[in-house]
Amino acid sequence: MDRIMQIKGMCATYASKIVLSDINVDIYKNSITALIGPSGCGKTTFIKSLNLLVEDEKDGSVKGSILLEGKDARNIPREKLRSKLGMVFQNPAPFPLSIKDNMTYAPRYHGIRDKERLGQIAREKLQVAGLYDEVSHCLDMPARKLSGGQQQRLCIARALTVEPSVLLLDEPCSALDIQNTAKIEAMLKELSRDYAIVIVTHNLAQARRIADYTMFMMSGELVEFGRTSEVFSNPKDERTRQYIEGIFG
Amino acid sequence: MDRIMQIKGMCATYASKIVLSDINVDIYKNSITALIGPSGCGKTTFIKSLNLLVEDEKDGSVKGSILLEGKDARNIPREKLRSKLGMVFQNPAPFPLSIKDNMTYAPRYHGIRDKERLGQIAREKLQVAGLYDEVSHCLDMPARKLSGGQQQRLCIARALTVEPSVLLLDEPCSALDIQNTAKIEAMLKELSRDYAIVIVTHNLAQARRIADYTMFMMSGELVEFGRTSEVFSNPKDERTRQYIEGIFG
Amino acid sequence: SQQPAEEASKDEFKSQIFFKGSSTLAPVVSQIATDFIDANETWNKVSADFPEKSIDLFVSAGGSSAGVKSVIDGTSDFGMVSREVKDEEKEQIKDYKEFRLGLDVLTISVNPENPILDVKKNLTTEEVMKIFSGEYKYWDEVAPGLPHNEIVVVTRDIGGGAHQVFQDKVMGDAQVKAEAIQEPSMGALVTKIMENKDAIGYASYGLVNQNAGKITPLEVDGVAPVKENIISGAYKISRPLIVIKSGELLPQERIFVDLMLSEEGMKTVEKMGFVPAK
Amino acid sequence: MKRDKVFEFIIKAFTLVSVAILGFIIFFIGAESLPAFRHSGVAGFFTNERWHPMGTDPVLSILPMVFATVYVSFLAVVIALPIGVGTAVFLSCVAGEAARRLLKPFIDLMAGLPSVVFGFMGLMVVVGYFERHFSMSSGESALAGGMVLAIMILPYIISTCDTTMVGIMKSYKTSSDSLGVSKWHMVRYLVLPAASRSVLAGAVLALARGMGETMAVMMVIGNSPIFPRLLGKCETIPALIALEMGGAPVGSLHYHALFAAGFILIIMRFAVSMLVSHIKKGADL
Amino acid sequence: MDKKSKYNRFLIWSVLSAALTFAVAFFILGYILLKGGGMVSTEFLLDSPKGFPLGSSGGIYPAIIGSLAFTGVACAVASLLAISTAVYLKFYCGSRRLYSIVRLVIESTAGMPSIVLGLFGYTLFVLKMGFGVSVLSGGLVLGIMIFPFIEVRVEKRLGEIEQDMLLSSYALGVSRYYTIKRLVLRKALPDIISAVALAGGFAMGATAPIIFTGAVIYAKAPESIMSPAMALSYHLYVLIGEGAPTEYVYGTATVLMLLILAINGAAMLFGKVNRGE
């Protein structure tokens, strides 16, 4: 399979604190990569580094080379880079706008003016994220009034509106009930036909269920990367084994 | 087993929107009650109604009777009620203070002045929440700089500092990795010897693992309540069955 | 020069005249100007040679030196000065002209409740000097029988025009004591004397007249600050009120200056409490 | 997108213009004060002698005015800070939404009153009171200046703190309530610490305003160029400049010396904000 | 309860502070209104100053218009520059060095004695740039005076915008400009407007900066920003200096107060409408 992203010697720091050190890994097209590891190991920072969002944070900096489709990410205009890498945050943060405006926020920026068309995009993506039926009657309600899980799904739907080719998801299902989780998983599987997906998850079962590749991180280092089946059945690193066995231990 | 809370005909509304209708349920001492149900069904609202927090929100109101240890919750001073019902929110919101100050915030209120003692409480509860080792060297760091999971654990630890007799947890493990989840579960099991615990979870496996009772809600109604084993193996309501089978479906 | 109005004057009639300078003189000039505007409204009513343009006379304060500076810089048409214009200042002004409107006198005034008025209505220059320099600290040092109260000396800003006059004519080489209260305007100085029983200060003759009864001037060296003595020059502590200009006057400016120097203008000067030049 | 570039360019240009103008002010004052510094050296401004800029042998010491400026403005901040923060707490945590909306405009209104009015009322009320009740020969004093200035800077402190405190209340009230602590505990241990930055910012803003305030202070401190005492007269640098600028012949040493005094004031303000940003770093959250 | 009494002092502190603050505020405002409120009539508002000394009868119409003109110029200039600077510093300025230099310049000029600003404005605008003594020159100086005031507030407000929200927006690949326009301004606009209004009040009350640059003792209502004008604050100063009848002093102060109140009120209303939509 083709690599869509190649990451070499990536380091991320906040002020003097080194959060990621020397990460080397590739992201493959048409596949799902699960990112697992203990809390605080740097998973969120990892995906925020891929689209250089860390550099927009206070004192944050990213070093090393990140190639997207063979091109250095730094040479791609930020906006382009980011609309190629759709991202969903760990804590859903809908904008303080109505549900509809949250959905049309990015498309409008990308030049879509037609009301019809905007409405259609909103509807379609909300459907994909399994939220449409619940909110179709109140699209003008402030998005902040939605329940936690609804907000989460809204943010997923919103990330889809930019039609990214890579999707970066930080624990997208953590606030979702089982049915919605199943829906999202199905959707991701579906999307992975066309896109590359990186998903941070604490749910190892989920990683096993949907991921083609799994990377395991610990205190800012990439410990292991490989096909999911191999990582889970036959981990090369002792730390990985211990972590995975934690499920049952 | 003894009932610590009795809820009769509880309704909750935001402005004119009815979010909970006619909930009748009891919470038992020394046991864990899992609250499951689809996203947006009113789980968060349910636990926010128990300590009457909904009434402090804009346009929120709670009707019906809520008895805590036989006393009407409305006749208990709010502060007392709330320190009896510890609560952890779905999206962790540490105060914009240092980690240590987050931990000593409530104990100070209850008259503890001694630095030693405060430090000890902070340490102890952080240990229970499995955060101590990660943050022991930087207790004076702003809590907002912690990773998502760390913030979550901090909020759990903070809720424990008031020594509540009922613990209300809204998806406490959703941002936690497997090991911390295991730790928290063990801790909850431990705590349930002395306390009553209500835990909202989307992880049905978790509910099965730790809960003595399970209540299933849907669109603001309590559909089913019973011993966990029974609810899962032999649900009385068709909707419950369908929801639970969703795991495999 | 940068003044846009002046540039315009080459081809167009200049309807604006700008005065700037001494805050003592500003109310006088603006009073005359307002009356002039009210009487005429447009220039053609002043003289048939002028076009029908509204009369815009502007008066702005800022201090005597600011007035001189504005004339040097060309940012105003006339400067108002309430002290003698120094030679080095005159050198900087091309084709210097000055018009004397009148005299202001500094009276040595006290609160009407001050018992000194019963004991001693006259001070010598030396005594005034001693009071202001701090050699006399309490009233009973000035004359026996007065209360043992601290003398509250009120002055204008040391360095301002009024103070310079006082310095030259009274203090000589001595300095006013550091504890003196410096007031930003004559109005404030007079107010202070009106409010504080132990205060003494050099109040402007004009303001003493405007506040007759609320503030009382003393004699100095036996000479009372009254009109005759001022005109005769017997009362020494005085300063001139001057309007200055660089270059030739435009016809409309000439008309206004003549008005200021006319009997009517002098009446206004007097009404404002100063001693008119004529 | 093109619009972005344009926007960025425009605000960059405006920023540049602003900085250029402000920089030019500093330069202007610096340049105008140069002759004075050349005359008596920087040290000459800080000797223990009298300010006497005219005559044949001018002395340009403004040490007493430096002290007075600091003294009066600190006095004002010391008086206004506790009251201002207290009022902000009242507005954000005690008063209901309706009361807040009713009362807040008065604060803004106070901020807008011209300093002449404050000075005038200070003269009538504060100075008059001192004279009547403290048997002071004259009521003009550093304390009167501090009090009048305190009233003037109060609205600044209040409105800086209030906005932040309302934000904190909004975001964390629910979390705090659920811990069963009282509102006052929240004020003491959450609102105040979390707003400390704002309080500091408010204080600095107020101090800046205080050190530069001219008219009102000038009307009530007596303007005597002596070292400040609480109940004694004194003269601040802005008062010195405002009093004497009108009478100083342009280009004279006196004129340049007044600019030098202004320049020293800038340096002082700068020192204060450096000090504060230092403290801020120490208390960083 | 012991816990309650422990915090009583906070309650007492805040209530007393507020009581004191509002007592002072009401005293000052009430005093002025009581003494000057009776003066406010259509004649006073719409007539030119008359009498002897000038201003002791007639009205203050030219000063009202002049004050509005000065304040308008000042607010327009200052808000444009200050908001731009704040946005630039918060969202675009990449270099820490540059940031601290700009901050340093702003901090040093904040609270500059206004008389010095006036002299500076005289040199730059009146002389060098040839604007003459005019509303424009005076307004520009006032604008410089309130610039740091607005900038500091706006920057602080922008700093309070949630970081998460900004990051979420950037992550969608939209530009900073778009984020600022749609999210940041939407959240911060009411506060920005109230900062500008507050600053406008401050400018309207200032005297010293316009003495040298734009204000005159007597003028008709200005017809262009290139001519000098009266201003309420300066008129007040002159009235006090000349010892005009106190009811005229307080009447002028009352009008000034009401104007400032109106400006703030309008700002609040605007903010509310903006938030509500």
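Think of it as A, B, C, D and E in the order they're written, each chain with its own count starting at 1.
What we mean here is this: a residue touches a chain if its C-beta (ideal position, glycine included) is under 8 Å from a C-beta of that chain, and two chains touch if they have at least 3 such contacts.
This is a predicted model, so every value here is computed, not measured.
Participant: Figure out the least number of contact steps between chain C and chain D, where 1 means they touch directly.
Facilitator: Tracing touching chains, the least step count from chain C to chain D comes to 1.
Participant: Which chain maximises the distance between its CA centroid and that of chain B?
Facilitator: So the farthest one, by centre of C-alpha atoms, is C.
Participant: Farthest from chain A by Cα centre, which chain is it? Let me know.
Facilitator: So the farthest one, by centre of C-alpha atoms, is C.
Participant: Looking across all chain pairs, point out the one with the most C-beta pairs in contact.
Facilitator: D-E
Participant: How many Å are there between the centre of chain B and the centre of chain C, using C-alpha atoms for each centre?
Facilitator: Whole-Å distance between the two chain centres: 81.
Participant: List the centre-to-centre spacing of chain B and chain D in whole Å, with centres computed as mean CA coordinates.
Facilitator: Whole-Å distance between the two chain centres: 49.
Participant: Can you pull out the residues of chain E that are in contact with at least two other chains?
Facilitator: Counting only residues that touch two or more other chains, chain E contributes 3, 175, 178, 240.
Participant: If you look at chain D, which of its residues touch at least two other chains?
Facilitator: As it turns out, chain D has residues touching two or more other chains at 1, 182, 185, 215, 242, 245.
Participant: Could you pull out the residues of chain C that touch at least 2 other chains?
Facilitator: Answer for chain C, listing residues that touch two or more other chains: 23, 62, 66, 188, 191.
Participant: State the interface residues of chain D toward chain C in the complex, per the touch definition above.
Facilitator: 50, 52-54, 123, 128, 131, 137-138, 140, 215, 218-219, 222-226, 233, 235, 242-250, 254-255
Participant: Contact residues on chain E for chain A in the complex?
Facilitator: Residue list for chain E touching chain A: 162-175, 178, 182-183, 186-187.
Participant: Taking the complex as given, what residues does chain D use to touch chain B?
Facilitator: 168, 171-182, 185, 189-190, 193-194, 285
Participant: Contact residues on chain E for chain D in the complex?
Facilitator: Touch residues, chain E against chain D: 3-4, 7, 10-11, 13-18, 20-22, 24-26, 28-29, 31-32, 80-82, 84-85, 87-89, 92, 101-102, 104-117, 119-120, 123-124, 144, 147-149, 151-153, 156-157, 160, 175-178, 191, 194, 197-198, 200-202, 204-208, 232-233, 236-237, 240, 249, 253, 256-257, 260-261, 263-265, 268.
Participant: Flag every residue of chain E that touches chain C in the complex, lowest number first.
Facilitator: Of all residues in chain E, those touching chain C are 49-50, 52-54, 122, 126-128, 130, 132-133, 211-212, 215-220, 226-228, 238, 240-243.
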